[in-house]
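Scrolling down, you'll hit the structures one after another.
Same chain, two partners: subunit A is paired with subunit B first, then with subunit C.
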Partner chain A sequence: MFLEVKNIVKSFHNEAVVRDLNFSLDAHKTLSILGKSGCGKTTMLKIVAGLENADAGTISLGGKNIDNVKPGKRNVVYLYQEDLLFPHLNIFENIAFGLRIKKFPEKEIVEKVNAMVESLELNGQETKMPHQLSGGQRQRVSFGRAIITSPSLLLLDEPFGSLDAGTRQRMQEFFKSLTAKYQITSLFVTHDLKEAILMGDEIAFMQSGRLKVYKDKTDFINDPVTGVQNEIGFWENLIPGKVERETLRK
Partner chain B sequence: MKFSWKPFILTLLVVLIVFPFAYMVLLSMASEWRFPDVLPNYFGLRNWTQIFSSETGLISSFVLSIVISLSVAFTSTLSGFLISRSVSYHPRKRLFTLLTYFPYILAPVVFAACLSYFFLMTGLFGSATGVIVAQFMIAFPYALIFFSSFWNERIRQYEELTATLGGNRRQTFLKVLLPLAKGMLLICFFQTFLISWFEYGLTSIIGVGKVQTLTIKVFLFIKEANFYYGALSCCLLIFPPVLLLYINKRYVFNKLI
Partner chain C sequence: MLFFVLIGVVPFCAAFIYALLYSFGMVGVLNTGFTLAFWKSVFASGEVLGSFGYSAVVAAISVLLSVSIAMWVALKFTRELNKRFLSFIIYLPLAIPGIVAAFFTFQLFSKAGFFSRIAYSFGWITKVRFFPDLVNDQLSIGIMLTFITVVMPFFVLLFLNVYKNERVEELSKLAFSLGANSSQVTWKVTIPIILRKTWTLIALYFIFLLGAYEVPLILGQESPQMLSVLIIRELNQYDLSKISEGYVVAVIYTIVVSLAAIALFSRKKMTLNEI
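This part shows the complex of A and B:
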């Protein structure tokens, strides 16, 4: 397995936030993790990114143990709900940021950024400042800035949480095509049930610091704790018989 | 048409605000102006040309004040920015923030009197370095309090993002934090410069009359009843803050709004 997380435990002030975390993920796959606010999702991602130290457990990436590797050397990029574009840099420089701090040659930076701008469908926007873009465009720049550095693992912490429903749907589709094109391995954290099912090749549910990874999506849908059955029940009450068939078909 | 008092009141207010400054400039250009003369016996640039004579010591005081204020503003802004980060992210942030208010509990003169023993023992009494250190002790807590609002959750996220993108602490500081804080740094520099520039109590006690900044000089002229030189040194005293205010307004405030 490309990413292997074993027996991770983390507490804050004697309160267990992450309990005995175990999961693994193949390269170029996305594991979507569903969980309510405060269930330990963000802490888990921060431990994988090296931004928080685990109390116990080990993480290996690409066959190498990364427990003592600093965040900057892990090649794991963490993306927040906010796009966090640098307000003092234009779109080109925002995307080029990771390459510049890794001291890539100027010619290579220009080539890579131009190709990324093309992939992000942001042609002609390179010289604009972040405040001149829409929420969806800013989030695309944020993805581009992360992906251009060829991260081994991308960690996404509710990246579409601040977008409206329409933009969110477009961004979900866009993200799927982008991960396929650049063969990204990612952990996608969300509290949106539909988004969790749509975005992941594999799916997991986190509750009170414990993570349960499901064999497949049907297994996830049939588990009452995930809330899918409640959701189906809700819609079935409105349109009897139709919803369950359509949800399972997806 | 309805009569309005508004323009008259506004004009009166402008005149009231501008008059002391205009009168000070006029006074700095006058001499031998005795009661009951309506106009001074001499009106010209003679006093201003005297700035460059060593007798008044105004030019040396001006340069010394500039050096002291720039040193205090630079060191307190930079160290305040860096140390406020540690304070803001510390688990005991509230305690440390409370301690930063300590220098303001006492009047600067009392504060200086309390510290004078230590300045005497370290040989800093009566020296420009001593005055810089003393003024730093007032300006630095101000910078700490000023920057505490900068270090919030969003800035921490920027730092973490930069780290995961491969940046080290130096790169994060130079390429992310400094540009993000540019506006606040300039405002803090301006404010701490002003704190130092107009500081009298601390400077007079720690400087013991040997370190004659422009503010000290103004009081000396006034004590000597030399209003013309007093007005002249006040003009000099106002010039750098006005220049800094202009720079701030032109390059900082307009961009922040």
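This part shows the complex of A and C:
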């Protein structure tokens, strides 16, 4: 397996936030993780990114243990819920940031960034500043900035949480095509049931710091704790005919 | 708007026009009519240009050191400074008027001051005259030390505020995640973001220090003098004909500062228009 997370435990002030975390993921796949706010999703991602230290457990990436590797050397990019573009850099420079840091030649930077701008469908926006773009455009720049550095693993912490429903749907489709094109391995955290099912090649559910990875989506849908059955029941109850029939029966 | 014009613009314009007329000899007790003599005299003496250059250098070094020290303190002790007690301590110097700060500096660093006495007690100096000139000195160390003491805490608070509001901590973590090291995060992310948000205030502080009066009056030397001290000296001369020259300096200073302020704010407006 490309990513292997074993027995990770993390507590803050004696309160266990992540309990015995175990999962693995193949290269070029997306594991979507569903969970309510405060269930430990963000802490889990930050531990994998190296931004938080685990109390116990090991993480290996591409067959190498990365427990003691600094965040900047892991080649793992963590994306926050907000786009968090660098406000002092224009769109071109935001996307080029990771390449400039790694001291790529100027010609290569220009070629790669232009190609990425094309993929992100942001032609003509390169010289604009982040505040001049819409929420969806900024989020695309954020993806492009991460993907251009060819990360081994991309960690997405509810990346579409701040977008409206329409933009969110377009961004989901866009992200799917982008990860396929650039063969990205990613962990996609969300609290949206539909999004979790749509985005992941594999799917997991996190509750009170414990993560359960499902064999397949059917298994996930049939498990009552995931809330899928409740959701199906809710929509069935909203069908007017059925509601009226039930009312008459009463 | 009308209130602002009546309170802010009208008195300023009236004072400026009065100073302008005085500088051309059109008003004033001994003046007899329009003349360029006072302007020629001021430019011929070279004292104004010297004072301008001297004031600009002192203000620039003070602002540069204040900003640098404040940036270091704000970034090094971000978490500590957000604690109640330390944030109270850092607010304290802002409540000290410039004149009081100047007196403190004088009491501490003059040849008969606190540190001179300590140096003597420890045997580091055998005579008072061996204590270095730190007030009323050629290098204006006393003035700059006082400016830094008064201004630096303000910049610390400003930078801490921008650090929080601009989410610099999260952006720094993101930069780490993209492969940056500590030095790259500091120089390519943290400092540029903070300076981009605060450069207007830094420039305004430079203008403020350029025209400071009490501190250079107490801690400055006889020549060259900082602009405000020079202007007041000219205006208070026994030789009434010299008063017009004082107004010439005041007019030049007002024009330079106003142009600088207009340039600053028109640039700010341009950025807002781009939005």
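Here, the second predicted complex is superposed on the first by the 239 of 250 C-alpha atoms of A that agree within 3 Å, B and C clash if a C-alpha of one lies under 4 Å from a C-alpha of the other, contacts with A are read in each partner's own complex, and residues count from 1 in each chain.
Going forward, contacts are C-beta pairs under 8 Å (C-beta built on N, C-alpha and C of every residue); 3 or more make two chains touch, one makes a residue touch a chain.
Model, not experiment: these values are computed from the prediction.
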Subunit A as common anchor, with subunit B and subunit C clashing or fitting: clash
Touching partner for A:Lys102 - first (subunit B), second (subunit C), both, neither: both
Partner chain(s) touched by A:Thr149 [first = subunit B, second = subunit C, both, neither]: both
Touching partner for A:Ala196 - first (subunit B), second (subunit C), both, neither: neither
Which of subunit B and subunit C A:Val76 touches, first, second, both or neither: both
Contacts of A:Ile33 with subunit B and subunit C, given as first, second, both or neither: neither
Touching partner for A:Leu133 - first (subunit B), second (subunit C), both, neither: neither
Overlap of subunit C and subunit B interfaces on subunit A (superposed complexes): 49, 51, 70-73, 75-80, 84, 86-88, 97-98, 100-102, 145-146, 149
Subunit A-touching residues of subunit C, taken from the complex the two chains share: 166-167, 170-171, 173-181, 184, 188-189, 192-193, 196, 274-275
In the complex, subunit A residues that touch subunit B: 46, 49-51, 70-80, 82, 84, 86-88, 97-98, 100-102, 145-146, 149, 155
Subunit A contact footprint on subunit B (complex, rising order): 154, 157-158, 160-168, 171, 175-176, 179-180, 182
Subunit A residues touching subunit C - in the complex, by the definition given at the top: 49, 51, 70-73, 75-80, 84, 86-88, 97-98, 100-102, 129, 131-132, 145-146, 149
